[in-house]
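Just passing along the structure, written as C-alpha cells.
Going by the order they are written in, the chains are A, B, C, D, E and F; count residues from 1 in each one.
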Amino acid sequence: MSRPDGRVADQLRHVRIQRGWLDHAEGSVLVEFGGTRVLCAASVQDSVPRWRRDTGLGWLTAEYAMLPRATNTRNDREAVKGKLGGRTQEISRLIGRSLRACVDFKALGQNTITLDCDVLQADGGTRTAAITGAYVALADAVTWMRDKRLTKGDPLITSVCAVSVGVIDGQPRLDLCYEEDVRADTDMNVVCTGDGRLIEVQGTAEGQPFSRAELNSLLDLAELGCVDLTMMQKEALAR
Amino acid sequence: MSRPDGRVADQLRHVRIQRGWLDHAEGSVLVEFGGTRVLCAASVQDSVPRWRRDTGLGWLTAEYAMLPRATNTRNDREAVKGKLGGRTQEISRLIGRSLRACVDFKALGQNTITLDCDVLQADGGTRTAAITGAYVALADAVTWMRDKRLTKGDPLITSVCAVSVGVIDGQPRLDLCYEEDVRADTDMNVVCTGDGRLIEVQGTAEGQPFSRAELNSLLDLAELGCVDLTMMQKEALAR
Amino acid sequence: MSRPDGRVADQLRHVRIQRGWLDHAEGSVLVEFGGTRVLCAASVQDSVPRWRRDTGLGWLTAEYAMLPRATNTRNDREAVKGKLGGRTQEISRLIGRSLRACVDFKALGQNTITLDCDVLQADGGTRTAAITGAYVALADAVTWMRDKRLTKGDPLITSVCAVSVGVIDGQPRLDLCYEEDVRADTDMNVVCTGDGRLIEVQGTAEGQPFSRAELNSLLDLAELGCVDLTMMQKEALAR
Amino acid sequence: MSRPDGRVADQLRHVRIQRGWLDHAEGSVLVEFGGTRVLCAASVQDSVPRWRRDTGLGWLTAEYAMLPRATNTRNDREAVKGKLGGRTQEISRLIGRSLRACVDFKALGQNTITLDCDVLQADGGTRTAAITGAYVALADAVTWMRDKRLTKGDPLITSVCAVSVGVIDGQPRLDLCYEEDVRADTDMNVVCTGDGRLIEVQGTAEGQPFSRAELNSLLDLAELGCVDLTMMQKEALAR
Amino acid sequence: MSRPDGRVADQLRHVRIQRGWLDHAEGSVLVEFGGTRVLCAASVQDSVPRWRRDTGLGWLTAEYAMLPRATNTRNDREAVKGKLGGRTQEISRLIGRSLRACVDFKALGQNTITLDCDVLQADGGTRTAAITGAYVALADAVTWMRDKRLTKGDPLITSVCAVSVGVIDGQPRLDLCYEEDVRADTDMNVVCTGDGRLIEVQGTAEGQPFSRAELNSLLDLAELGCVDLTMMQKEALAR
Amino acid sequence: MSRPDGRVADQLRHVRIQRGWLDHAEGSVLVEFGGTRVLCAASVQDSVPRWRRDTGLGWLTAEYAMLPRATNTRNDREAVKGKLGGRTQEISRLIGRSLRACVDFKALGQNTITLDCDVLQADGGTRTAAITGAYVALADAVTWMRDKRLTKGDPLITSVCAVSVGVIDGQPRLDLCYEEDVRADTDMNVVCTGDGRLIEVQGTAEGQPFSRAELNSLLDLAELGCVDLTMMQKEALAR
C-alpha cells in the first residue's frame, strides 16, 4: 500500500519553515507541509481584552482562514458571505488553545499576541501546519518583545507542534495529504509539546468507529512525527 | 478528594431520559445528567440538502444551542447578536458527526433528520448529555419512519452515547459537573458506540499538558461510563 | 359549534404554572396553556442600560423566542439565519411593555430585570402564556431582590396577565388553541392588570373587518379570562 | 387644555395628499398629516412569493422606513447597522396587514403589490399617515393594472385609513403630533375601512393602565377621524 | 444627434435647488437635476469620531442611499438585505471626500457634520446632484452653527459642485440622463471647486477604452457645467 | 527632493511577476511592486451569473482583500466583523471593471472567471499591483481554457495594467510607496490598455484641489509607467 507521494507510512512530507516572510509583523513564517502552505503572522499589541484587564496577565489569540483559491475548486469568501463558518472558528479556537499551552502569561505582561494563520494553499493538514508554523512566528515575536524589554522573564514554557495521523485501508499513516485525508477511516490531529506531552488529541471516526488499539497506534505515529517537527522548529529558529 | 456532589470518581451523575416530551417532534427526549438538562428533538424531512441529491442517501444534521439563562449568569442570545458563536457551531458539528456514525444512510432513504439539542439548564457535560439524549430521540424518529414505511431496512447500525472525563487535582474523574469542569487540568469528551468502539475522542490540556498514561486512564473511565449510558438508553427505549 | 378540545366558549384551557423550574435564574416558571408550554426566566442584573444611567430608575426588558421544533413543522433557528424575525421582535416588545406597566422603577433601584420567554411547545396563545408566566417569574425575582435588600419599597404595583380571544364562525371564544387561531376572523390579545384595567389591546381582522359590537364582546370575554388567570397567578405564588 | 398647534380635541391636523409624486412608480403619494410627511410608492410585480404560487391569488406587502434626519435628532441608518429594528418591522407588518384587508386577491391575479412608505419627516402618527397615503397609492396602482387588463374584476373591496388617538392630561385627543405623543398616557392606533368597520385596534397604556370607558371614548374619536380621512382620500382620488 | 430631452450637448438639465425642505435638519435641500431628485440633509453633532478626538479638528461624513422605488423597477432595500452594496458605499465615500475638500476643520471646531443624501427619484447623475445639493445644505448648516457661535472663523474654504459627462455615439455630452448614461462609451464624474479647480475626476471606459483627447474634451465640458452649477448654488444661497 | 527609496520621480519600484504560484488555480501570479505583494488567482467556472444566462456571453468578476497583517499595524478581518468595508468593495469593483475591458465575452463562452487578489503585504499601490498581476493570471487562465477548447476565438482583446501617480511637495511622482501615498496632495490611479488607451482614471485631491495642468503631468507620468508595466507583463508571459 504505497502513499500518493511515495512516502512510507511514518514519514512526514517535506517541511519548510521560512522565517521573516513579512516586513511588518513582529514574527512571521511561511510554513509548508508538502503542498500545504500557510502564512503565519504574529502581531503584538500592548493591551489585553476587557475581561483580562487588571489581572497582570497577557493573552494570545489566533485566527485561521483560507484564501478562496487555496483549494482545488474555489470557495466563497467568508467576508463576502458575512459570517465565519463553523470549521473556520473551530480551527481558530484549536490553534489559540494549543499555543496558549506554551505561554506563561505573567511573563508576557499585559500584552496580546494575535496569530493569523492564512492558508495560501491547502493539501491536507492545514491546521497542523498552522500550529507548527505559528509557534515559530510566536517565538520570533517573543524575541522582538524581549528586545524591547516588554516581557518579564521568558514567556515561552515549551515549544508546540502538531501533526495529523489517520487510518487508510487499515494502515496507520503520518501527516496525511488531501488525497489521503478524504479516504481516511479515522482521522486524528495531535498537538504536542517539545518534550512529548500532549496538548490536544482530536480523533474522529470518518467511516468505521475505531478501537483503543488503533487509537494507540495512531498516537505512537503522531509522537514520532512531533519529535521530528520539534527538531525542525529548533533548526529554523537557530538560523 | 471528594467530589462536589459526593460521587466516587468513576460514578455518573443521576441520568434521566424522558421520551416523548414534545407533541409535534417525530422523536423527542428531555435528558438530564445531574443538573444538566437538554431537550433533544428529532425532525424528519422528506428531502436532502442540495449537494446530497440524486445519491439515494439520506442525511442527518444537528443544532446545539443554549437558552440565555441555562447558565449561572445570563448570556446574550446568539439570535440577537446576529451570529453563531464558535463554541455553538463546534458542538453542533460534533453532535451531527457523532450521530451520523450510527446511521446507514442508504436505509434512511432520501430523508433528512435534524436533531435540535437545546440546553435548558447547564451544569457541565452539555454536549455529552446532548449526544446521549439525541440518540434516543433519533431512535424514536426512526421507529416513526419505519411505521410510515419511509425506510429501507434498519437505518440504525449501532447506538451512540457520550461522556466527559477529566483530571482534577491529579485524579481522573467521570462525568464532570460544572464546578469540576472549570477546575480540570485535562478535559476529555469521548463518544462511543453501544459495542464499545470509539467515534470521537477530544482531549484538551486546560492547564498542564498530559501524558499518554493520563490519556489512557481517562479513556478507561470513559469506556466504563459509556457502558452504563448505553444500558440506560436501552432501558429508556424499552419503556 | 363545539371547540376542538371540547371547551365552552368562555373557558380557558388547562393552565399550569410551575415555579422554580430552573436552578440558576432569580425567578423561573414553566407555564402551560393547554399544549402551549413556555419557559420564563427572570434574570437580575445590578446595572441599567446606558440611556437609563444616573436616573435612579431600574429597567425591565423581555426576549421571546421559539425552539425550532416547538411547532408542527420545524422552523429554522433565527440565530442560524443571523437575524431576528419581525414577529419575534414584535412579541418581545409587547412582553416587555406589558410587564413594565406593573413595575415601580424607582423602587426597583438601578437594576435591570430581563425576562426570557422561550416557547418549548406552541399550540396558540404563546405570547399571552408568556406574559402570564413572566409575571410570576418576575414576582419571584423581586422577592429574591427584596431578600437581598436590593429594592427600595415594593417594585410591583399590580399583577399582569394576558389572554387571547377571537371570533370563529361568528362566535367569540376565549383562549384560542392553534387550530382555532388559524381559523379566526378576528384575533385579539388583551393584557390586563390584576384589578381589571387594560394595559394593551391588540385586535386584528384576519378575515372580515369587525364592528364595535364584536370588539366589545371580545373584550368582555377577555376580562373574564383575566380574572381567572389573576387568581391562578396568586395561587401559584402562594404555594 | 389647548393643544400645541391650537387644534380642538377632535380635530385632525392639516392633511394633504399629493398623487403622482414619483415618475416611475405605478402609484405614488406624498401624504402629510401636519409636519409628518410620508412618501408612499406602490410597485406592481407580475409574480407572487414562492409560498403563494399556484394559488391563483395575488399578494400585497409593505415596507416602512424613516430617513435618518426625519426626526429631531439624526438616527443611524438601519442599512448601515445591518439590521432592521423591531419598530420598523412591526410597523411594516401593520401596514401590510391593514392594506391586505381591502384587497380581493383573486381579482388581483398572480401579481404582487409592494407599498414602500418612507417617512421623509416625522411629527407623530407616521404609521397612520403611511396607511392613509398607501391606500391612495394602491388605488392608483390598481387603476394602472386595470388599464393594462392585469386584473379580473375589482381588486379593491373597500378603502382603508388610519388615525392615532390618545389620552393627554386625562383628555382624549385625535391625531396626536409628536409633542402630544410623548406625553400621552394611553396611545391608540385605529385602522378603519371606508364604511366604518375596524381592521386593527392597537391600544397601549404608556403610563397608567386604562379603563373600558377610556377605550370607548378613544374609539369614538378615532371613528370620527376616519370618516374625515376617508372623504379626503375620495377627494384626492377624484382629482 | 439630438438628446432624449432635446438639450444641446453642453447644456445642463433643469436644475432646481429648494432650501429648508425639512423642519428638523440644520441644513436641508431638495435638489433636482431634471428627473433626478435628491433630498440632502445636513446634521450637526457636537462631537467627533473617536480617532479624531483631542485634535481640535472637526469632521464631515456623508451617507448616500436610494429609496426602493426611485428607479424604473423596484430595488430591494439594503436595510432588509442586511448589508450595504458596494455602489452605495462607493458613492457615500465620494460625497464625503468631495465635501471635506471645502471645509477648514480647525474652523469647524470639534463638531461633526453628517450629510444624508437620499435619492427620492433617479434619472442619472444622482451622485453629482447629491454633491451639488449637499454643498448648499452644508452651507446652511454652517450658517446655523455660526449663529450659535459654534465655529471659529469661516469653515467653508470654497464651494463644491459636481457634474457627469460622457461620450455617446462619439459625441461628448454634459449631465447625462439615465437613458444616455446606459448608452455611454465613456462615463466621467467631475467634482470642482467654485473657482474651477478639480477635487475628483473619475473616468471609466464602459465600452471602448478612451484617449487623452477624449478625456480632455470631457473635462472641458465638465468645467463649463460646474461654472453654471456654482452660479446656481450662489443664487440659491442668496435667496 | 529625493524619494524614500532613492528612486527618481518617473521610476517604477522593482516589479516582480511570478507565474504559477499556486497549484490549483487555472492562473496564478504573485506580483510585487516593491514591498507590495499581491497573490492573484484566476478561477474558471463553467457557468455564468443568473442575470447573464442565455446570452451566450461569459463574465469576469474580481475580489480584493487584505490579510490582517499586510499592514504596519494589524487590521481586523472583515470576515470576523461580518461585513465588507467600503474600500474593499470599491477596489474589487475597480479591478473587475478594469479587466472586463480587455475581454471579449462572446469568445469567452458561457464561463465565469473570478480573479482573487489577496494582498499579502501592503506598501502602497495595492490596487494597481493587483490589476497588473491579475491580467497575467487571467492570461494564463485563458490559455488553460484554450487548451481545453472552452473558448471560441481569442477572449483577450488587449492587455491591461495600472499604476498610481501623485503630487508630493509639488512634484509629480510615479508609483507611490506607502510613505509617499499618505503625504500626497493629489493621488491618481490610472488603468491603461497595452496600446496606451485609458480604461479608468481616478484622481483625488487629498489636500489642495488640483489644476488641469497638474492632472496632465500626472497622466503623462502614468502613461510612461504603463508602457514599462506592459512590457514586463509580456516578458513574464513569454517565460
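Here is the rule we go by: contacts are C-beta pairs under 8 Å (C-beta built on N, C-alpha and C of every residue); 3 or more make two chains touch, one makes a residue touch a chain.
As the structure is a prediction and not an experimental result, all values here were calculated from the model.
Under the contact definition stated at the top, the chains bordering both chain C and chain E are D. Distance from the chain C centre to the chain F centre is 59 Å, each centre being the mean of its Cα atoms.
Chain A and chain C have CA centres that are 50 Å apart. Averaged Cα coordinates give chain C a centre that lies 28 Å from the centre of chain D. Multi-chain contact residues of chain F (touching two or more other chains): 82-84. Taken as a graph of touching chains, this assembly forms a single closed ring in which every chain touches exactly two others.
Each chain touches its two ring neighbours, and walking from chain A in the direction of chain B yields A, B, C, D, E, F.
Residues of chain F that touch chain A in their complex: 22-25, 28, 35, 39, 41, 43, 45, 63, 65, 67-74, 77-80, 82-84, 88, 114, 116, 118, 120-121, 123. On the side of chain A, the complex with chain B involves touching residues 83-87, 89-90, 92-93, 97, 101, 158, 188, 192-193, 197-205, 208-212, 215, 219.
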